[in-house]
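Listed below are the structures to be examined.
Both of the next two complexes hold subunit A, though its partner changes from subunit B to subunit C.
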Partner chain A sequence: MPTPTYIPLATITLGSPAASVSFGSIPTSYRDLVLISHAALTSGTSAILFRFNGDSGSNYPSIYQEASEVGLAGGNINTTAIRPSGNINEASTEFGIYALNIMDYSTTDKRKSFLLRSNRALYSTIMTVGRWNGTSAVSSVSATPNSGSWATGSTFNLYGIVS
Partner chain B sequence: MKLIATLNATGSSNTFLFDNIPQTFTDLLIVGSIRNANSAVREGVGLAFNSTFSGYSNRSYFGNGATIVNNVESNYNLIAESNAATSTANFFNNFEIYVPNYRRSTPKQVSGASVVETNIGDTRTVVTAYLQTITAAITQVSVFSNTNGTNWIAGSTVSLYGITAGSFGGVTTS
Partner chain C sequence: MLIPFGTLAASGGVVPDYELIATTVLGSAQNSITFSDLGTYASTYKHLQIRVVARSSRAAWVDNIAMRLNSDSGTNYNWHRMWAEGGNPRYVENGTNRNEMRMVGISGSNIGNSLFTPAITDIIDSFSTSKNTTIRTFGGHAEITGTSEISFGGAGWRNTSSISSITIFVESGNNFVSGSRFSIYGIKG
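After this line comes the complex of A and B, so read on.
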């Protein structure tokens, strides 16, 4: 019998705008986590910030490569959240797809690696890989626009990957 | 995640067609191991929903370890690339396509990634953000050869999976 994967842990579908979304009390019984965000803003553009365990320190070193309307870009950054280094846009323009993989999230003897794919067909595609400097198990994940609010209809689905 | 269907190429078709897709999942995942008969190193892979072959936008970057290309298309369908006839023999490449919220009555956004591998120094990774403006629920998915319309060779396989969101294990949300 194949081992089941993508175990659905929690889901958020916004029936009204929200400044931020968060998943907490994440059990330690899986190997990896996957957060699929299909989201947009109520207005304007903004960067998107993913954080673990409420950590807003400069603990998310990463490298990225990007193709966007303004051209190609890449580099390394160390910021106070996981950032795809691109902008999400308002819902009337396009919803973006943000697929965040967090490997070995429940271990307590290593820093956590992550891979983020950020896609907006009308603007950019970005790959970001990095680590969170915390050694605690990831017990919460939040997704927050740097400015503005998540639009109605935005969805955020958290899955556990069984080892 | 649940397997919906796997299609195996026979060498006589340029399209993998998944039809009558159950309307019971949240997202779709399409993965494949493919090779095309086109007389070139690679062949483009197109994606279409519900037999609608229009309304595309996609932005990709192509990387081969030396050069990165920023590619945008407004009326040409490119979600991935495939190994083809002049790439190293017996090389089948992989691709992955993710479609969130495939049942919603909104335009469909898609993420795609693939890598064409060969020993002749012409490998390439393609990462794509894709949009198709159909608003109906997806009931049919076509993965097709879109550069030359040539057939997928026998041994190529593509699988469609359904992923269901939900709640389990006491995770809280706010």
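After this line comes the complex of A and C, so read on.
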């Protein structure tokens, strides 16, 4: 019997610039999480950092493939956060789309896998897959520019996909 | 990847457009899984999405998995994909007149740390009887010390039949390990 799923859990819409956004106290009752971000920086250039449970250690090995105006690039990286390769260089009116799938986020017998699609209209499209080394359930997800702030109007939508 | 947001109903609730049909989590190793009786949903859903988190028993870094529709094992499939492996960002491969649609390479037993590979497959217009069925898959895994792979590809089944069953299997003949998960969702349109 079909079960309604893809449940909106929380939405953050910035009425003013913010250094970071975070979703906490995520219930463990879903199968996967999906974080859809439509965001821009106030100014400048910065990498975007997605983290789980506040973990800022080198626990996010990933591989990416990027197509941009300068060509095709890719490789392995192991960093202190999930990051679309390279930097975003969005002015406050140019928003990028970031769709992050966190699979089996509430299990405690697997390291967490994620899929990320990043689209920055002025520059590139990037796909990234990787894992978080933790086996704990993901109880919080944060999105932070490595420098600078999220611009007013940036939105972050967290969904739970029913098990 | 489809991103269905649903529709806010007048009451303030969310009308479900994306519904779980079934989930299988393997309690023991096996080569394949099948979602059957999907024709039951032909009048309800327009598209299907399959979400996989899986690992192979093969003694290798990676093992390819594939899909067949309606138990068709004839040479009725074409597929192509692009992928990055390790530090090399530019591999492409394709299959013509094949017996299956390759989806993605999943982690094998040479990769430690309980690493399972995620993948999402979208099947657009799954129940149409005027189009050949097409799919797209995005997936991969990352390992610090072993081979990592990221893959994005498309495939087609040269048959206009409505989908009645979907089989996902390990091409090498090895098994999905216990704990591998396969979920299928129906999407209204």
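The criterion applied here is as follows: the second predicted complex is superposed on the first by the 159 of 163 C-alpha atoms of A that agree within 3 Å, B and C clash if a C-alpha of one lies under 4 Å from a C-alpha of the other, contacts with A are read in each partner's own complex, and residues count from 1 in each chain.
As a convention for this text, contacts are C-beta pairs under 8 Å (C-beta built on N, C-alpha and C of every residue); 3 or more make two chains touch, one makes a residue touch a chain.
This structure is a prediction, so every number in the text was calculated from the model and none was measured.
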Three-chain arrangement built on subunit A, subunit B and subunit C clash or fit:
clash
Figure out whether A:104 sits in contact with subunit B (first) or subunit C (second), or with both, or with neither.
second
Determine, under the contact definition given at the top, whether A:130 touches first (subunit B), second (subunit C), both, or neither.
second
Just checking: does A:65 make contact with subunit B only, subunit C only, both, or neither of them? Give me first, second, both or neither.
both
Which of the two partners, first being subunit B and second being subunit C, lies in contact with A:153: first, second, both, or neither?
first
Could you say whether A:22 touches subunit B, subunit C, both of them, or neither, answering first, second, both or neither?
first
Determine, under the contact definition given at the top, whether A:8 touches first (subunit B), second (subunit C), both, or neither.
both
Just subunit B (first), just subunit C (second), both, or neither: which does A:121 touch?
first
Colliding region between subunit B and subunit C, picked from 21-29, 57-65, 111-119 or 129-137 after the shared-chain fit:
129-137
Set of subunit A residues, in rising order, touched by both subunit B and subunit C
4-8, 36, 65-66, 72, 74, 99, 117, 127
Residue set of subunit A touching subunit C in the complex reads 2-8, 31-32, 34, 36, 61-66, 72-76, 78, 99, 101, 103-104, 109-111, 113-115, 117, 127-131, 133, 135, 161-163
Residue ranges of subunit A in contact with subunit B within the complex:
4-12, 21-27, 29, 36, 38, 65-69, 71-72, 74, 94-97, 99, 117, 119-125, 127, 153, 155, 157-160
Can you list the subunit B residues touching subunit A in their complex?
1, 26-27, 57-61, 63, 68, 70-72, 98, 100-101, 104, 106-107, 109-111, 113, 127-131, 163-174
Touching residues of subunit C toward subunit A in the complex: what are they?
1, 3-4, 6, 14, 16-21, 23, 41, 44, 51, 53, 82-90, 113-120, 138-144, 148-150, 152, 179, 181, 183, 185-186
